[in-house]
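In the two complexes below, subunit A is the common chain; its partner is subunit B in one and subunit C in the other.
And then the complex of A and B:
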């Protein structure tokens, strides 16, 4: 065969297809079936959603009118995106006050910026950034989302979160843009002159605390409008609940896992019972339990709002799942590490915190992420106990008078939102897993 | 250095045994105080709200009817019976979904490893789409889809054109058997056939092990299974009749019926979990080293036989534990039926019964007891299997 011909793309493509798709009778049949399926699915969705999609209409009837009928008299099928456009704000923000929605945007953007360094390769102190986000961000976010008067403690934590956030961001941007690390310069140029090396961390923490107190005084008059929790909803609520589940679930899970691996029989028994009881029942029963029984548990006159009940239930559930992940991570650490740590004189907490846990956590991250994906998806169950989350909003659109009966479009929309989030996370965790397994060899 | 190190009076603080006792005592008292606190609060609250406690309510009559039940039930039966109805409904849908999800999962899992690029990609897309969207969203979507497309009873969709199975917006209808005298003989025929097939398979295996001769055990087995019960059926004078659903008025009567919510739940659970099952099947097959495939092919087995006789049996060791945990998830996720109103344990017992009777703690405890015992049973089965596999493994 002529050299130029065999190298042309079409021919190479044809050879590839013959090798991979049509190399036997069975494969040929399977390939043809697949092509038919793909063609039907892709073309069907494309013509329904894009070609026949209606973007401007005031209600569903108008959509039908615009679409009209084909020659045989059957109505033409097409997506009525006008409804989704009208409801999009509700799907994302729920019934959050329109003028205050910038707070939600700001809160979510801060979180994203806070978490970016975790994805950026070759950065130091990723753990500190992660733990800072877990420990401090919730205070900032809750204040941003709920607003209202705040106590001095919340003021302090909010200021601390703002400072940590700025410090982290300036630090990693500096490293990436100018190869100058704020953290390193602080440490070596300023703190080093005044304090002995052992006190660096404490000195820095003290510095942060002092700046935070100052900032807290500065922003004393900055008070956001109170937005009731009832107004939280849509995708925002889903993010809030799953975010809380993660921030509370991971530390609690670590403690439970340590309890389960403890040599002290009573502690072990408590941990095992707790984990196994809540792991063996579905989340929805825990949610029902929370809404039916938590009010009974509280002292008289103390009212828990439903959002807190639901978050507590999801956290309870998450902690037990995290505990099992942490336990399996700890099991993967060879016993020699414990022995080495205790032989150099470290106590239980020191050897756990400084030697074993850092190694174990690294290998747990892929599992933690996939478990988080599970929690993120399971958060939709709060719809069943009457929260206005993204699924509730999706359903509500089909019950709204102008768009009554419309369900393909909003469900597709919600499914796409979930798919994008979950798929990104799962790809991240798979990449990390490959990287970690490569490092291990 | 801590100041009390030299003071022998305080040395016991550093004694490991003392510390163990101290920490456990602390934890124990903390938990005990916590439980006591919750208990007193609950007691006060219940007294304040005039709520009754105790399991006596299981013998109180429940005032509501349910759409679907496997054992006889009507409004006015006891809450105990409601519990039983709910458990059976849960087990039915979970068992069917487990069978469905295992079959689809194996199928898709093997397709994902296909050498055909297109097939592998389509299977991967199936898995990713299902795994990355919430199950509740899928269940509700299936439900709305089913309700939107199912016809009214008058235009029932005749399944396979047999005039026996019907599908409409009230559910799926099928014939129910009615037993007359002589059924025992027929059942005995079935039992004899099963025993005969077991004996035949054992014998065939023995023959193959000792002489290497392969008996046509499948065709013989099939013949026995068909012929023996058929002969018994005719000897007994055709004792089993079928009650076929017939359109009467606005509805189909006779036979059995499962509601649309049941069909939805079954489809949604089977499809959603099949994606996870496919992933564990794939991982299991990949965990078998490539040398095994090559060895099997080099001794002359074709691809199908190599898969069936060499790869799958070894892959099963890796697949079964994850598969069983997915089965457990199917049972747990059947609780999402509460969103579409299929009367399983969470919907019927934990929601309806709780709202009607108000015995919150007892009902929550009974529901958790059910799920707990199911998961304990399943993990016990898993342990037995693991032991079995380990014995085989030497």
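And then the complex of A and C:
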């Protein structure tokens, strides 16, 4: 009887509190002060956002009217969520054509489904899945988002992306649900019937290419309505820019880092100059250069759309940061590893790809992810050169006539969106780190 | 009586080795690290199937010598030819030589992110262009030869030093090299693990592999070597069959060295 009481949660809580919060006079005072501060802050936000929150109203004036005044005649503070609700679509999709917004949803969903296997434990070929996504998804996504007429090359790449996506998804779902791998059974059939084992990867690629050509013919008449890049905006634009920056930045960074370590003086000089120049200039300057000054250097009539210029600028910036991270990772690999790789006959690219990079990337993961998080937040700077990203849209709401002056609510909402994204990234990196460090023990 | 047969066997080895083709030849090879001359006009011919032990005080250029043979270090003067291919600026030649020459390092240098089996299967897959299953079979065969097939699925970090060095030997052998270089393979090991590595090397020597071994294990040298080379200050001071080398050294520096370590 006595034991159950002492084990009950309240009692354990009380013991914990007495041990940790009230174990001396000074601690007791500090604890009480902290509790009061936290209580006030949390209660203040809670009553403002939830208790006094207004969810239905046609403009800000109506919000104030509903809230009314207290006995002393001061207006009651409360969040006017009605405005955020009305603007939510704009904050997420920018000015993207309403009837075509399903394309954005589809594109983002495909990416998420494509990436799920990277989270699922005990799946093989994660590396290939990630690589396929980086290489092919941009084609599919850019066509989905922009639409319009497409060249044969784009048709082919879009088809290839669709096939690879379906193949990956069927494969990992099969493995999880029925313990049957499509990839393994395909390979096994080919290995034994038609091809020697070492050719099977090429055979599989060839098969994909043939199906992609056929699919490209089939979807020839399937043409999406053209949506101009000018209409892209909001959170969608932030995702597009930072997505490009991450997927282009890492491979370019690896190449730059290898260039910087190269023994060939010209390559080394080029890499060093490139990295140092772009790393020592603020992102805003690079953005201005790309959008305002770059066209001045170009011949008359040469026009590049601003979205491409901005993406290119952010990619350059990210590459240089990645290059320095990769270089520090490479320096952590002992010289003996390079020598051992050479001594068993591996060439430069083989030793890099099979021996050095896989080890170095492990050291780099925390830095890479924190840099990704930084870039993700930094892309909000593009609103300075006139792109309507999530931050620009959030500000635009407070300047809209019915909701004039309403800034707290949309910014809180934007903050929550950023927090969710960045926290997810950091959790994923911690998982990856734990897993990789467990592997070598 | 028994001793005598051993001696005559050994002389037989030398004779057969000398009559076979030259697999490594160094002519007037010099190597500098800045102002310091690490190798000073080395002349050396190694015949197929020959087992050579290189010894000498530290800093005498033993390691540099064998590292030049697979071009982990570049020499500045003289010519090195391995399996008929000349080592020069041409990277193709370097890659070709490296794929014929296996190397075992003092600090093992296994790849920590790969399992033991993957470590050994790497060069069959990527250098010899075998299929995965074929390569893994081959790797298993060599792990059997160094007596640790049961560790195949472990990572190098889970093994003892002696086991790691035997994996390193299997990894080098899996490339199916024609020459094996050993750079102080037992110096980083605890005393009780030295024997297992030396035993593996003795088995390898008995199978007829051409070996160049830098080591301070004089017992091993006496038992296995066809020829012992003594180096000092970047030069080959003395070389001879073990019997002569140990019992009747001619050079003063050799005598001093032997008196210190025996």
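What we mean here is this: the second predicted complex is superposed on the first by the 422 of 441 C-alpha atoms of A that agree within 3 Å, B and C clash if a C-alpha of one lies under 4 Å from a C-alpha of the other, contacts with A are read in each partner's own complex, and residues count from 1 in each chain.
In the analysis below, a residue touches a chain if its C-beta (ideal position, glycine included) is under 8 Å from a C-beta of that chain, and two chains touch if they have at least 3 such contacts.
Being a predicted model, the structure only gives us computed values, none of them experimental.
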Between subunit B (first) and subunit C (second), which, if any, makes contact with A:336: first, second, both or neither?
second
Which partner does A:146 reach: the first (subunit B), the second (subunit C), both, or neither?
neither
First, second, both or neither for A:264, with subunit B first and subunit C second
first
A:295 in the overlay: touching subunit B, subunit C, both, or neither? Say first, second, both or neither.
first
Figure out whether A:384 sits in contact with subunit B (first) or subunit C (second), or with both, or with neither.
first
Which of the two partners, first being subunit B and second being subunit C, lies in contact with A:106: first, second, both, or neither?
neither
Using the touch definition from the top, say if A:347 reaches subunit B (first), subunit C (second), both or neither.
second
With the two complexes superposed on chain A, say which partner A:211 touches: subunit B (first), subunit C (second), both, or neither.
neither
Along subunit A, where are the residues that touch subunit C in the complex?
196-198, 334, 336-337, 339-347, 350, 354-355, 358-359, 362, 439-441
Within their complex, subunit B touches subunit A through residues 20, 23-24, 27-28, 31, 38, 41-42, 44-46, 48, 114-119, 122, 128-129, 131-137, 140-141, 144, 148, 332-333, 335-336, 338-339, 346, 350-351, 354, 360-361, 364, 367-368, 371-372, 374-376
Within the complex, which stretch of subunit A touches subunit B?
20-21, 23, 27, 30-31, 34-35, 37-38, 263-267, 270, 277, 279-282, 284-285, 288-289, 292-293, 295-300, 373, 377-378, 380-381, 383-384, 391, 394-395, 398, 407, 411, 414-415, 418-419, 422-423, 426
Contact footprint of subunit A on subunit C as seen in their complex
70, 72, 95, 98-99, 101-103, 105, 107, 109-113, 122-123, 126-127, 129-134, 155, 157-158, 168, 171-172, 175
